[in-house]
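Okay, so chain A shows up in both of these, paired with chain B first and chain C after.
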Partner chain A sequence: MKHVVTIRRKALAASEEHARTLRSRFADARALVLNLISSPGSGKTTLLERTVDRLADRCRLAVIEGDVATERDADRIRALGVPAHQVLTGGACHLDARQIETALETADLLPADILFIENVGNLICPTTYDLGEDFKVALLSVTEGDDKPFKYPAIFSRAEVTVITKSDLLPHVPFDMAAVTEHVASLNPGGTLLVLSSTTGDGMDAWCNLLLGRLADKRRS
Partner chain B sequence: MHEMGIALEIYRTCRETVSQHGNGRLQHVKIAVGELAAVEPDLLAFGWEAVIADTIDDGATLEIEWCRADQRCPACDSAKERSEGSWLRLCPDCGTPLEVRGGDELDLLQISFETDDEDMSTTVGESA
Partner chain C sequence: MKHVVTIRRKALAASEEHARTLRSRFADARALVLNLISSPGSGKTTLLERTVDRLADRCRLAVIEGDVATERDADRIRALGVPAHQVLTGGACHLDARQIETALETADLLPADILFIENVGNLICPTTYDLGEDFKVALLSVTEGDDKPFKYPAIFSRAEVTVITKSDLLPHVPFDMAAVTEHVASLNPGGTLLVLSSTTGDGMDAWCNLLLGRLADKRRS
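Take a look at the complex of A and B:
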């Protein structure tokens, strides 16, 4: 017997269902959750280390690290006394909601004020996968070239916050900050752009204030 | 993008639907892909072939309905064109953020399959 079934269902419905469950769980836990996305080497882990230095005595922090191999990143965070869980993706180039659920079951990460999810280093694939986060943060270091926003439009148009990292290296690289600012604004008119250096601390106050502000907003709503 | 992973999720949903009706084989699957979904149709078709190869559903065809995004400037009150593959968000004429509708579809639309029963009728139904 021939059957034709008409269905209007998102192809990634199963993943999205997991993300919805996570979002609800994070809301119940009153935790602000960020999904950090960037190329490998943009400074995600270092930014988290310096953020921990500045905020750990004011907020309860937790981190989920995503990597193809090694526990190096989670080890770095744990060394600072903050709970961190390493997801090893077994070759996959992005985290997905199911892995975040498993992480929460496996490690004592909640309750937390801010949960950082450091995604696998990759400017493309993580963009599409909802992890239940409050917002995505895209990192772009000044050594990567100022053409990247237009070359990778998906992430820069979807990340509510773009952080330009390694600003201390600006004198040594041909990075047109004005152009990048304009390009990111054209892809993401409502987004926020920050420029900072984890090494010198420049711009870190604005980053920390943004986090605290967003946490307060979430708790108010 | 993850065309292989997406092909796999589409296939799983199709297989589940077929299984709900008894022993069957997939024949044709129709999906909608938006131009801003960051999915490459050729790669998705390739991934589909790889996913169904050597299964009971080998040979099932995948039809991709391509969905364009509609971009409108609220200030100019007109539709704005952009070059193929670009992600323009500001009006090229006045700089106002554009209202973008559609273009991010990645939806399973219709599944056609054949089951091993005697009844010769054709059914059309809705599935959740």
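Take a look at the complex of A and C:
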């Protein structure tokens, strides 16, 4: 097991070094960078589509999509006229910093005001990987159930912003919003929780204002 | 990298050995064993609860629950009077055969007619781990979207049975059932696809009949 531990430590150190390089590069580019993490089907790509609809004429957006297979998500973003690059992990369950470096070398994504990194659909593995982002966003759709912050505490404690998605389906599913709000706040006292529906547009203003506010903060700093 | 490859091969060989031991043990116990795999919140535990409601007076059921954190799922099953053991992975994204062996040593689960192993909520990592089961069941809720078999092909090609859950929500979400049916069939030509709602009970008869049929087949073999 000693070999395994040593190799893992080396891999982790290398990954941290790549993340530092990315963070410095993003700072130079003055880009706000978000790392979006959720289960498969929580609505990450749809949220990005509706965000593009609202913000593309106000700032330069770019997207890196992570998936095990298919270019579908990048195609959906490119169809809206926003540069997007698909990283195919070929089975791996998360994105790592080296893949983001390669994406930046391969595709014309920077300069951008906001770069969204949509991680592989997985509520566990992407949590511990630093991609040089300004902050992580955890998405949870109301259809997944209100027990998920209890069962997957790591991501909800590390994500500065939690977005509860598909709020339009609340009348049709059991979901105790008060319990989720309270538990996410206890896991992450300084975090922000938003509730929205990409379908109806409810809550989208607050989400877009958060993005623009964080971008302005970054530009001032 | 040579060390990493060697260590991975050794780990895989050890894991396969544990799976063989489990398979032999399950055969001796004449238990039908299912490995349930899906995204978080696809309805694995709820399906098991409703399955217990329908089958507990006809056969002996037992459940192993895998989660990163909390005893919630095992508590839900135990509340129905069925033996259940919770494996807490402490961050790991899947169950492995060694954990199942330990669960069998720790809890009185066998003899049972049907043992359900509910894997950690994750559509990627559990796919390649053999737990000695008779077959894998992939669950996909209609709220996750009809693109998931394309984006996560490995599990849908390996699971003998695919269960489309939460069919009661079909009127409220975009989900092309014909496309999903066709794609799952192309990934897994010999597989079975069921559509059901644990909430309304639609499709539950077919699911329970499949379980009883497979149990009878196993007993005859």
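By our rule, the second predicted complex is superposed on the first by the 210 of 221 C-alpha atoms of A that agree within 3 Å, B and C clash if a C-alpha of one lies under 4 Å from a C-alpha of the other, contacts with A are read in each partner's own complex, and residues count from 1 in each chain.
The working rule: contacts are C-beta pairs under 8 Å (C-beta built on N, C-alpha and C of every residue); 3 or more make two chains touch, one makes a residue touch a chain.
None of these values were measured; they are calculated from a predicted model.
When the two complexes are overlaid on their common chain A, residue A:59 makes contact with neither chain B nor chain C.
In the superposed pair of complexes, A:143 makes contact with chain C only, with no contact to chain B.
In the overlay built on the shared chain, the residue A:13 is in contact with chain B alone; chain C does not reach it. Of the two partner chains placed by the overlay, neither chain B nor chain C lies in contact with A:88. Within the superposed three-chain model, A:151 lies in touch with chain C and out of touch with chain B [touch as defined at top]. Once the two complexes are overlaid on the shared chain, A:40 sits against chain C while remaining clear of chain B.
Contacts of A:27 after superposition: neither chain B nor chain C is touched. Of the two partner chains placed by the overlay, chain B and chain C both lie in contact with A:124.
Overlap of the chain B and chain C contact sets on chain A: residues 3-4, 7, 124-125, 153-154. Remark: chain B residues 1-2, 6, 9-10, 12-13, 17, 21, 24, 27, 31, 38, 86-90, 97, 106-115, 117-128 touch chain A in the complex. Contact residues on chain A toward chain B in their complex (touch as defined above): 1-15, 94, 124-125, 127-128, 153-154, 157, 185-190. The part of chain C that touches chain A in the complex is made up of residues 3-4, 7, 39-41, 67-70, 72, 91, 93, 120-125, 141, 143-145, 147-148, 150-154, 166, 168-169, 172-173.
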